[in-house]
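Input: structures, listed below.
Okay, so chain A shows up in both of these, paired with chain B first and chain C after.
What follows is the complex of A and B.
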């Protein structure tokens, strides 16, 4: 008896303890659920919806078609319902299609088909006011993604970004980290390369807009090229509007993006390189192994896990690239030459108020990061095991 | 040790490396320097000559742009708004994340592992997927375009990284310390507030700085959840709209941009170590 009692209090104590742990997790769990998990599900749902505007004529035609099919004869709008047996069976499917439930008690008040039309239309109007438009299930948003000219440009540009931005930041970051490792004033290089990481992409965007100015009295890059080609080489050089031409705008934006993110990559690579035991490098230099060989055959393989982490981080960043494009070109010139998915999504949702179509774009972004997410979850899980 | 065994042939190599890095660092710094110099030049000069010629007439530097931008263009107000947005968002994340990270680090309970992995994998979710439903929720709750709305949003979005960073740090604290505190009869909240929190000040500093800079520099969430209302617009939104409007000259843009960079730069230089540690904690161990 005594033992049983002790066990019971033990169980209660344990339950209370676990309850307490959950209580501590509660604020984070609620926030993560209501700001990330639930909205993600809602957005996916929204992406399969389409707003429709229904005319009274459409409802009339559909009802008549349904009636004609049901009774296998041509039925006109003025037909008396009392002449038709079980007419609900013909009318209800049409109402259902628009998501309207008809209260069967009002059926007695209807005498002609046009009364049904009016009733459905009136309840649709009511629905309209409530929810800001009638929505039906549709794949059209996804179909539009792959036919819409601006969207196709955005897909192309995101791919260009993905390739060149990722390659650029990871390669430069790695090279700089190896070079900086060997010098005494490395902290200065580190600080300078890292500054863009501390300031906003908006400010960086303005800095680079200023650099790319076409006027050689304002834009440093055009002024520099003008000096080299026109004054020194005596060749003819016309200042280039880097952000205003279809063939230069993406390269110009990506270059600015690389300037912003290289510091991040460099810092992480430097930490990884520091993790390589110094005996290995000493042994190599005693053996007279060439520095470049050490880099390729020893350092790179040893920091491979870090290279993968940095690359996936850059891929996630580049898929979501927004601020740089929004500030520097707004997706232009010529409508969409530098458009990217995130900017298109923003404009579709918040400038054109088409939440459904914008949701489909956001879903594409989510799908694009899923492979990266799986890699991350696997490495988290592996890390958990080690602990 | 390495220099001792270096042969003479590596000397030119080292010189080359140093020259290259000097050049590189200089070029990397130029864009920021150009902005900085331009913000102190007269509007007429910015338009007629490059900032690289500015030192030929150094007498012409002026504070006029700053005076104008701070007091007449609304940037001063935007600066205050940025502060009002950033400080509470940062504090909220630190508090809520440390509660969760503490439980995850030291206590065993059902579904612990799956919850933790779910929490931190949310780091990679593109925020775009959440914007529309959250905005709708905000509109119906009446907090769209208000500071509390954006505080909570920033806090929620910052949590996955924050929990990850803090839990990694907490895991380094020996469990025996917790045990002996438990034997002394300390409750969970006492252990947290008297033992873990004080021990974790470096990690909390890293997280705080990181979050502060992230929120300060955010454009997207401010655009969406504050909806372009000038009374609440932070610096980033104000700058973006300046950059989009044709009439604002480079003197205004460069000055406004530099004002927006000021606080992050000070924090970065003063606490570079913590900032970089935050970045490392967030990515290397993953």
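What follows is the complex of A and C.
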């Protein structure tokens, strides 16, 4: 310590000051730690684990073999215990193997061999739970990620989403932002484009599900196409089941996604465009530069930082896309044709009860998001510096 | 520092938890998929039993129960749509045993198979409160009369009726399969009819493989209907994207777009809700799923109520729900009672009476197979999706069944 303080009171002042920083930081740090960092570490840990347990099927096969041997005939799983004399003896070897005592008082005339299998299995599970479950380190979850047919489809679809959703929202948002101010009723147009942001995404999904229906009495899009082609142009048009075909389902979902998010992009771009000093535009119009050139050579370069931020935000958004797919197709129409990683992860964890595998998916998503976030943070920092 | 952090986290979590619980206000908290008329009926059962309930309706029961079920969870009871979920929760130790009910006595009222399906490891965990008959085919009698079509009794007659309607330039079938369970119900009905009860049971237990010839045959037989897109309203794509409810309306609207529809007896209420002018027996009716071999078979489903704890009120409610009196209350409002002692005369409409008579006359009764298999095999991601995939790619039948077999081997562990 070679810092010299003039007197004692300054030391105390300094300590107080630093202490105050930490005190202010403390609530945020606790929140971040307990709801972000801790779960993240836990998830990463979980993703490298694999449950080790004896399967019910294994016990069943062993028990059936033991029974068949004991009675010298083929015994099936639905055999009534009351038809088997001294069945306890036949079940004993298997029960002993797993260190379970069979409580015969539970069984009555309704009981079948199936019940013994279940009893042994449930007791083993109970023991496992007491020990906190048997788990080993394994890379299998990660191996499965890149071999499962459904997962590969999800990766493919997320890539499609990444390209077209980002392109769609940013392009349309930018176009609307530049053009909308030059027309009459611009505030109405702005409101209409922005309204989807005010509707919950689940509700939007349900609305779009109706819109895409094949029946022209409910499906607005097919009704519209039917009107254009069949009534006005007198051509032949078969209604299309947009959500029922592998070749249209992703496009249909992405279109709905763009509809939901384009208003958000538009508003941000409009704010950025407003930030361009009006002298520049005046100078341009005095020099006789046409609007398209102003757009490409003046406006775009000047709002580039905003474009980057909006693009990266959309990319992060799209990587974790879930609600649209969950509500509208659940990954269907068949064979995981519109499956995405987040939906797969949800189902793996909560429907198939495989939290380890789902954690591996979460980790992959996290890894995919990190570079985009770094770009975002950097461009923020660069902007700060410029100011 | 660490300790303080830990302490703070603990304090915060306790605060959160205590906000969300606050139990014991006398009400029983029940979760299930029921809404609308089913919920109304359940409410009537609770009223008749003198129990106050608070019902939470969800469309993703499996996910919620995986996360929150248990003795100290936010729910006292759940209504499960199938026995596989009961087994899963029981083996995870999340259910309270209904030791206060007597299995033997109950079996006299519900029949052995429903008691077995409500048990795990010999212990009773659930009481069935609603049954359904999933082996009926809906049609419009007025249209049949107008066109001179006859109600089929065998599978071959059903196929020739299909051909007859198609060659008249009309669309025979309307199938809604945006979700996979209606398509699994189709295959189950064909499977039990063509392969017999024992083989069906072995298929459920995975004692035979998915690529077994018996399973393949069921898919191939189904292909006689869904394999030709001219048989299906909206073609293959329309079938795969329409809801099962919407598909049924096509038969009973003013100018019917299709003439045959398969799904359980519960469709009557759904159609009536959408098209109030239909009248059962006049322009809406069903016939039993045709025999494939010599036996008439019924595939059924049933909803079961389970408890997560042993509170006194929960015990009371479970006891009452299993009784003839309370099940009769539900039967009067349109539930097909699981308790066999309920008098068939109390059913409010002819649909249920007829359905119950088909059930009673059947040679074979089996439970919905997809509901008995482990969820990863029998539900979404498994049988649901694969049976839909078959509609799209019937020529890939061997690959589809091989993939099912891989999935089954992984999940049954044998």
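Just so we're on the same page, the second predicted complex is superposed on the first by the 274 of 387 C-alpha atoms of A that agree within 3 Å, B and C clash if a C-alpha of one lies under 4 Å from a C-alpha of the other, contacts with A are read in each partner's own complex, and residues count from 1 in each chain.
Here is the rule we go by: a contact is a pair of C-beta atoms (placed from the backbone, for glycine too) under 8 Å apart; a residue touches a chain by one contact, two chains touch by 3 or more.
Note that the coordinates shown come from a computational prediction; the quantities given were computed from them, not determined experimentally.
Asks: Who touches more of chain A, chain B or chain C?
Replies: Looking at chain A, the partner in contact with more of its residues is B.
Asks: Output check: A:377 vs chain B and chain C. Expected answer is one of first, second, both, neither. What do you get?
Replies: first
Asks: Check whether A:60 is in contact with chain B, with chain C, with both or with neither, and answer first, second, both or neither.
Replies: It touches chain C, and chain B stays clear.
Asks: Using the superposition on chain A described above, determine whether A:317 touches chain B (first), chain C (second), both, or neither.
Replies: Neither partner.
Asks: Is A:330 touching the first partner chain B, the second partner chain C, both, or neither of them?
Replies: Both: A:330 reaches chain B and chain C.
Asks: Regarding the shared-chain residue A:189, is it in contact with chain B (first), chain C (second), both, or neither?
Replies: In the superposition, A:189 touches chain B alone.
Asks: Is A:68 in contact with chain B, with chain C, with both, or with neither (first, second, both, neither)?
Replies: A:68: touches no partner chain.
Asks: On the A-aligned overlay, A:346 touches which partner chain: chain B = first, chain C = second, or both, or neither?
Replies: After superposition on chain A, A:346 lies in contact with both partners, chain B and chain C.
Asks: Considering only the touch criterion stated at the top, classify A:107 as touching first (chain B), second (chain C), both, or neither.
Replies: second
Asks: Residues of chain A that sit at the chain B interface in one complex and at the chain C interface in the other, please.
Replies: Comparing the two interfaces on chain A, one with chain B and one with chain C, the shared residues are 34, 38, 213, 218, 330, 346, 349-350.
Asks: Can you list the chain A residues touching chain C in their complex?
Replies: Contact set of chain A toward chain C: 30, 33-34, 38, 55-58, 60-61, 76-78, 106-112, 114-116, 118-119, 121-122, 125-126, 129, 149-150, 212-215, 218, 239-246, 330, 332-336, 346-347, 349-353.
Asks: Spell out the part of chain A that touches chain B in their complex, as residue ranges.
Replies: 18, 20-22, 24-25, 27-29, 31-32, 34-40, 42-44, 46, 176, 179-180, 182-183, 188-189, 191-196, 198-203, 205-211, 213, 216-218, 220, 223, 259, 264, 267-268, 271-272, 278, 281-282, 285-286, 306, 309-310, 313, 316, 319-320, 322-323, 326-327, 330, 342, 345-346, 349-350, 355, 358-359, 361-363, 365-366, 369, 372-373, 376-377, 379-381, 383-384, 387
Asks: Could you please specify the touching residues of chain C with respect to chain A in the complex?
Replies: 5, 8-9, 12, 60, 62-64, 66-67, 87-88, 90-93, 103-104, 107, 112, 115-116, 119-123, 178-179, 201, 205-207, 234-242, 246, 375-376, 379-381, 385-386, 388-389, 391-392, 403, 412-414
Asks: Can you name the residues of chain B that touch chain A in the complex?
Replies: Against chain A, chain B makes touches at 1-2, 5-6, 14, 17-18, 20-21, 24-25, 28-32, 34-35, 38, 46-52, 96-97, 99-100, 102-104, 107, 109-110, 113, 115-117, 119-134, 137, 152-153, 155-157, 159-160, 163, 171, 188, 213, 216-220, 223-224, 235-236, 239-240, 243-244, 250, 253-254, 257-258, 260-261, 264-265, 267-269, 272, 275-276, 279-280, 283-286.
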